[in-house]
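First the structure, in the form of structure tokens, and then the observations on it.
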Amino acid sequence: MSEKSKGLSKVEEICSQRSGRAKELKDEGKKIMGYFCIYPPLEMLSALDLLPYRILGDMREPITKADACLPTVVCPFDRSALDLGLKGKYDFLDGVVWAHVCEVGEKTAHVWRTYLNPAYFHFIDIPHTIHKPAQNQFVQQLKDFQKTLMSFTGKKLTSEMLAEAINAHNEQRSLVRKLYDLRKPDPPLISGSEVIKTLKAIMSLPVKEGSELLREVISEVGERKDGVPFRPVRLLIWGSIIDDTPLIEMMEELGANVVMDDTCVGSRAFFPDVKLTPDPLEGLAYRYLVDLKCPRTFKESTYGETKKDYLTDLRSRFSYISDYAKEWKVSGVVLQSVRYCDIHGYEVPGLGDYLDSVGLPHTYIEHTYDERSLAPLRTRIQAFLEIIRS
Amino acid sequence: MSYFMGIDVGSRTTKGVIAYGSRAKTFHTIFSSNNYREAAEKIREGLLSRARLQAADIAYTAVTGQQLDNLSFPFHKASDTRCCARGVNSLFPEARTVIDVQGQSTQIIRVDEKGKVVNFVVSERCAAGSGRFLEIIANVLRINLEDIGPLSLKSQNPVAFTTSCAVFGESEAISRVAEGTPKEDILAGVHRALAQKISTLIDRVGFEARCAISGGGGLDMGLIKAIEQELGLELLIPQKPELVSALGAAIVAQESKP
Amino acid sequence: MKDLGEIPPEAPMGGMPKPVLLMSAGSLCDARYKWFQALGRYLDAPVWVLELPHLGVKEGLMEGAYDQAIRFMVEELREFVGFLEKLLGKKMDWDKLEDISNDIIDMNRIWYETNELRKARPCPMHSRDFWTCMTGCLYPAGDLKALKKMYQDLYDEVKYRVENKIAACPNEKYRLVFAELPPWHSLKFFDRLAERGWSFVVESWAYHPPKPIDLSQVKDPLERIAKFTYQWFAGYFEESEKQGEQMGYFGYPYLEYARDWQCDGALLHPLLSCRTATNHLMYVQDRLIQKSNVPSLVASGDIVDLTLFDPEDTLRRAEAFEETMDHYKEVRKKEGLGW
């Protein structure tokens, strides 16, 4: 990496060769641990001096090898990630940690383990509810994870080490929230695509390097004069993973700034902090199981409620989205999902009802996680933007 | 002395062969014109008159391709996989893997030295894995099916199709045309995408040299080149690849004569 | 938006009554609980999601993992009982629960043993009968004593057939395993394959009862229920680990089926609109051929869109697949696989 590039140009450089830094560190003897989805607690990896490296797909690369292992009717993001793995693009990983985020994710984990057979692999089960026993179970799951990590690294993972890593990751999270504050002005100081690239970059770096990069981006963006142009519509984008920029760029071209997101290379992965608890695993378990907002977890307004009211239920599940909308002065919400994502798909009608109830315009789009399949969505988005403007 | 007849009723064309032993004596092709039963009857008449034979000279017939019942003559309903395996084996006894690219689907067949089916896999029932994808793209590019191969071979810079879906492939092709991408590069891109699909199918049943191609796809030199590049080998190419299944059906007729 | 939740006037027997509770489970597929959550649009009934841990094979065999999984399930069940008491305003009848759970466990044991009998050559009971009979165990309802007797009678009948070598499929030429959801709309399809000598001797793991374990020493009925249910997964972990297989349920059981029921082939039925019944099938196909030299025939279909299932297409391929099964029978013989 060149010395002089700073901030956003450094982000560009990292994204153009995302594994570059990881491979450099690997040569220096650091172990690289791939993780899938946002549920494996990264603090446990960082604490053991492992580099957590997010396994992503590539919507610009045709899926070929994965066609022999996963049928075309399942999540194209999972298929793409597996495809890259089968093509050797993740061969530099020393180990992989996977969590039971969704059913297809679960099976993909076992397929990955079978065909790629990394030196270390751990599968963390995640309960479907946030019931008290489920929280305990998740703590126990993390204890088992800790055991295999320690035997893999040959190091003891103490509470002090964990606390230090938790602080480092919380610090990074607060920097991400600062970065998101820069999206609040109109026009925003940083574009939606720049945010995705920045977050993608820090998901490939050791936590402290990532935070350093965030500081550079924040100070550069705060000072620049020729940042993001004014666009008449401010959008929030919700849904399944977006790990590349074409969809956001299309919205920008059509006259909207994407100023907020609820996706997992976005606020969903970074906003909640971990609380330091006497047993740090408890704080971690709570943050990852209860505080993370992926619809894969069943949540309800009151635990064990015997009377249910639809609107109350919706409010309890989605009010944070209208809070985002207020804070980031959003004029419309784009609900998007990759095709065949059951957990996001089932969420859409209820979320739509909720947004209606608070008067936020919304539209729903589905795509196949490949760059070219986005083109037909152009007119849909255009029409949506016209509705908002009128 | 016995003659056997094989009829392959395809979605576009119907092919027929009269064989003596495992050698083709007469062959004939007509358009299916969406009436498969009529096509089967017609091709039989055509074959008999070309071979100057009477119906009684044909010991038995096997029909493959579209599923048909109640034809005017006795016949065996044969699996196209089995027919294709036998047909290729009679032409290339050394072939152990067959890539059969048809209009509606593509199948990979592993065969043994006797032409028996060792294993096989059929592409998913979607246009992207078959000759249909090429038809769709040819339609977008406004070129004839026969011109696809020669034009594709001229490509210096095949486009990379990111989608594996024919519907999106079509819109991808349209936007490429709008961007001014040369037709040959689009075609070569489609050929490459198909070749990759074929390679993945082969991953599922395993591969053993040598490898032959059959079906209408075997007429397309652009596709052949793409497959050869993808797999890094030279294909065995029948002179009339589209007739292989009909020839195989004639052999199956011999095997299954009641 | 609630007006869409009306019971259609032409519904049989007046339709289902409005539920007081939507009980779902996070087991196997996400649609189970997400769908019930989404039903909130039409029904104000509360939703309870039952938990079932989904551990990997290696993780499931870690020290203490089994006990922890059971503890978790028992605690969850206890919470659920508390919830039900609050919802219904009455106390749990523990004696009745004891009785019901014992009947269900027992019924499943008999049903398991009935299916074990199908290992015989010729196979005494065909898949069609399996699909007709599995509902009693999977969705136990009505008079459990009567149901248990039905299973006992069935067992006796199948046993009689084994002893007298009565085949479910005359001229059993090929023994097959079927996965996953059957084409309910075209069960006759199996008869047509039976005419060719294809005998379906075992099928879809998720519809088979768990391997019986001795639960007579377990005092707490909730713990008995937990152990019985979790056995569905855990019952395969040790063998799976021994064989170096990573997909302990949905994957590995098919290897065991193919071996123990001596299958010549597998018929896989992927569905467009059911991911859970589909996404592992290519993997299963690969494991079966790699590990056991058992080939698979894929017949895609759907349970919603019936036009996607083409029985003619599969029947057409049957002839070629018989050659494939013949070929691998020889291969297995050469490799000393024993069937």
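Things worth noting here:
We just call them A, B and C in the order they show up, numbering each chain from 1.
Keep in mind that, in the parts below, a residue touches a chain if its C-beta (ideal position, glycine included) is under 8 Å from a C-beta of that chain, and two chains touch if they have at least 3 such contacts.
The structure presented is a predicted model; accordingly, all values stated were derived computationally and were not measured.
Each chain's centre was taken as the mean of its CA atoms, and the one lying most distant from chain A is B. Here A-C and B-C were compared by C-beta pairs in contact; the pair with more is A-C. Separating the centre of chain A from that of chain B, both taken as means of CA atoms, is a distance of 45 Å. Averaged Cα coordinates give chain A a centre that lies 35 Å from the centre of chain C. A straight line joining the Cα centres of chain B and chain C is 39 Å long. In chain B, the positions touching at least two other chains are 124, 204.
In chain A, 68, 71 are the positions where the chain touches two or more neighbouring chains simultaneously. Across the assembly, chain C contributes residues 282, 286 that each touch 2 or more other chains. Residues 282, 285-286, 289, 295, 298, 300, 308, 310, 312-313, 316-321, 323-324, 326-328 of chain C touch chain B in their complex. The part of chain C that touches chain A in the complex is made up of residues 1-2, 26, 28-31, 33-35, 37-38, 40-41, 44-47, 49, 51, 53-56, 58-59, 62, 65, 68-69, 72, 75-76, 79, 82-83, 86-87, 245-247, 250-251, 270, 272, 275-276, 278-283, 286. The residues of chain B lying in touch with chain C in their complex are 67, 77-82, 85, 109, 112, 116-122, 124-125, 204. Across the complex, chain A meets chain B through its residues 59-65, 67-68, 71-72, 368, 370-373, 375-376. Those residues of chain A lying in contact with chain C across their complex are 68-71, 73-74, 100, 102-104, 106-107, 109-111, 113-114, 121-125, 127-129, 131-134, 136-137, 140, 144, 147-148, 295-296, 298, 300, 304-310, 313-314, 340, 342-343, 346-347, 349-350, 353.
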